[in-house]
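These are the structures in question, set out in turn.
Heads up, the next two complexes both have chain A, just with different partners, chain B and then chain C.
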Partner chain A sequence: MEDISLYILDLVQNSIAAAATLIEVSVIEDVQNDKLILSIKDNGQGMDSQTVKKVTDPFYTTRTTRKVGLGLALVEAAAQACGGGVYIFSQPGKGTEVKVEFKYNHIDRPPVGKIDETVAALVACNPSIDFVYTHITPVGRLRFDSREVRQRIGDLRIDHPEVVEWIREYIREGIDEISGGGGV
Partner chain B sequence: MKSLKELEEIRQRALESVNLRKERNGTRVVVGMGTCGIAAGARPVLLAFLEEVKKRNLQDVIVTQTGCIGVCRLEPMAEVYRPGEEKVTYVKLTPEKVRRIVAEHIVNGRPVTEFTIGAADKQ
Partner chain C sequence: MKVSQMVEALSLKVLAGESFLEREVCSGYCCDLLSRVMAKGEKGMAWITVQTHMNVVAVAALVEMACIIIPEGIEVERKVLDKAEEEGVIMLSSHLTAFELAGKLYQMGIAPVCKVVD
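The block that comes next holds the complex of A and B.
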């Protein structure tokens, strides 16, 4: 994957497959401690500890159509190559949190990428799931919560093209503002 | 800065133009969003479908996603389902190809044969 926003799009698919109804994603640019921390937390079906141990193995998957599952394996390789790692906390029936850490200033650390496109794609394709996205930088904080959007739009569908476009611009502008103008 | 207030305006505008009770039983576009699809460029393809649907105000078209469709080497892929017609699978998509598919297939009903999985297999 080229950037972190694509890893997010990919990892959230696991939450969707776990039948989550609320998926909370956060990116923390902790420049002071030289860390970029990505977290994806869902209220899906969760996993037992045995399964958690296996999920970053590319030859483990719950799919029955084929025998490989590359999502977590890929992000783990990327994180480890940048002096970080993947940490998974899960409880059956409660949900799962996947935490990915990168060294912020590592030369191979993927750029953050187009988060606005990832969130817009997720909301448009999964109108029945709620998404929360939080992004923290040394400059400030952006928070998006699809439940707040739903409150405002009433009986209009959240996957209505104009609403999706609004979400995309809201996130793009919000991240621009806390990135001090320069891309990340 | 965007404000939540704008959403209420969007709602007003949309409610005036859309019949919300209308069942959406028109065309369905399904984009493959497995790891393979995403790495190959499924996101810009999906967004291109969404943009075209918005630009052309195609109210009976749903764009949605699925996991790995199973032919990873031909990603990004998308399937187009039109009521009463056979499913058409498009492969190796780009936003440019998407714009043609929307214009020729989804709007005018003529599949873009050269972008289909059948055409790719012959190569």
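The block that comes next holds the complex of A and C.
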């Protein structure tokens, strides 16, 4: 995938398939330690340790319609090609955290991409799920929590176009601020 | 065109899937970003890539590619070739670059997209 935001879009589908109601996504640009860390943490059904070992195998999938599943396989290959890796922490009944590490300055490291559109799309397409998005750079920190938005909008639905547009703007401006206005 | 004719014309080395060489090739594609290949790939495609990860076998199996061609004589791990064999994925190798291979295939009449959709 061309950028990190597309990996987020893809990996969040695993959390949704695991019946998560809260999905926490974070991107940490730890420039000082030459690391970019993407984390996706959910409160879905979780996996036992046997399953965790198999999920980055491209020939493992929970789908019954086909025998190939490439989501985690692709992100692992991309991370490893950039001097990083994928680390999965999961507990049945509790949830799963997928942590993806890239070397920040690796020449093949994908750009972060359009995070604002990605998070807005996730909220708009999954109004019954709550999302927390955190983005940290050496300059500062952005935090978005759909539960706080729900409290503030009262009777308005969270997937209302104006709310979704506000979310997108909030994230775009927040990221601009912590990346010194230059984008990521 | 059959894969066997392509192997013959370009002096390709067969790394895996020797018994499937009578398979028909109808289009060609050249890309190393696997997610993009999943989107653009189609049945009967000859796919040129420098990637030799297990994931290429999964992508080729998923979209029922005619074959994978690895350029520049890049070596492929045994376990990847074994999996390709098991999944019926043909893996070929050449010392030419992806650019040269794509040019030659295009000259031989391999199109970017299959003309007949089955």
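Please note the rule applied: the second predicted complex is superposed on the first by the 184 of 184 C-alpha atoms of A that agree within 3 Å, B and C clash if a C-alpha of one lies under 4 Å from a C-alpha of the other, contacts with A are read in each partner's own complex, and residues count from 1 in each chain.
As a convention for this text, contacts are C-beta pairs under 8 Å (C-beta built on N, C-alpha and C of every residue); 3 or more make two chains touch, one makes a residue touch a chain.
These numbers were taken from a predicted model, which means no experiment stands behind them.
Superposition model on chain A: chain B and chain C are shown accommodated side by side without a clash. Contact with chain B, but none with chain C, is seen for A:Glu148 once the two complexes are overlaid on the shared chain.
In the superposed pair of complexes, A:Phe59 makes contact with chain C only, with no contact to chain B. When the two structures are aligned on the shared chain, A:Leu70 is found in touch with chain B and with chain C.
Once chain A of one complex is fitted onto chain A of the other, the partner contacts of A:Ala17 are limited to chain B, with no touch recorded for chain C. Of the two partner chains placed around the shared chain by superposition, neither chain B nor chain C is touched by A:Ile178. Vertex at chain A: the C-alpha centres of chain B and chain C lie 80° apart in angle, rounded to steps of 10. Of the two partner chains placed by the overlay, chain B and chain C both lie in contact with A:Leu6. Comparing chain B with chain C, more residues of chain A are touched by B. Contacts of A:Ile136 after superposition: neither chain B nor chain C is touched. In the composite built from the two structures, the nearest CA pair linking chain B and chain C is 5 Å apart. The contact surfaces that chain B and chain C form on chain A in the two complexes overlap at residues 1, 6, 66, 70, 74.
Residue ranges on chain C touching chain A, taken from their complex, read 33-36, 38, 51, 53-55, 57-59, 61-62, 83. Of all the residues in chain B, the ones that touch chain A in their complex are 1-2, 4-8, 10-11, 13-15, 18, 20, 31, 33-36, 38-39, 43-44, 46-47, 50, 53-54, 63-65, 67-68, 70.
Against chain C, in their complex, chain A makes its touches with residues 1-2, 6, 57-59, 66-68, 70, 73-74, 77.
Put simply, chain A touches chain B in their complex at residues 1, 6, 9-10, 13, 17, 63, 65-66, 69-71, 74, 114, 117-118, 120-121, 124-126, 148-149, 152-157, 160-166, 169-170, 173-174, 177.
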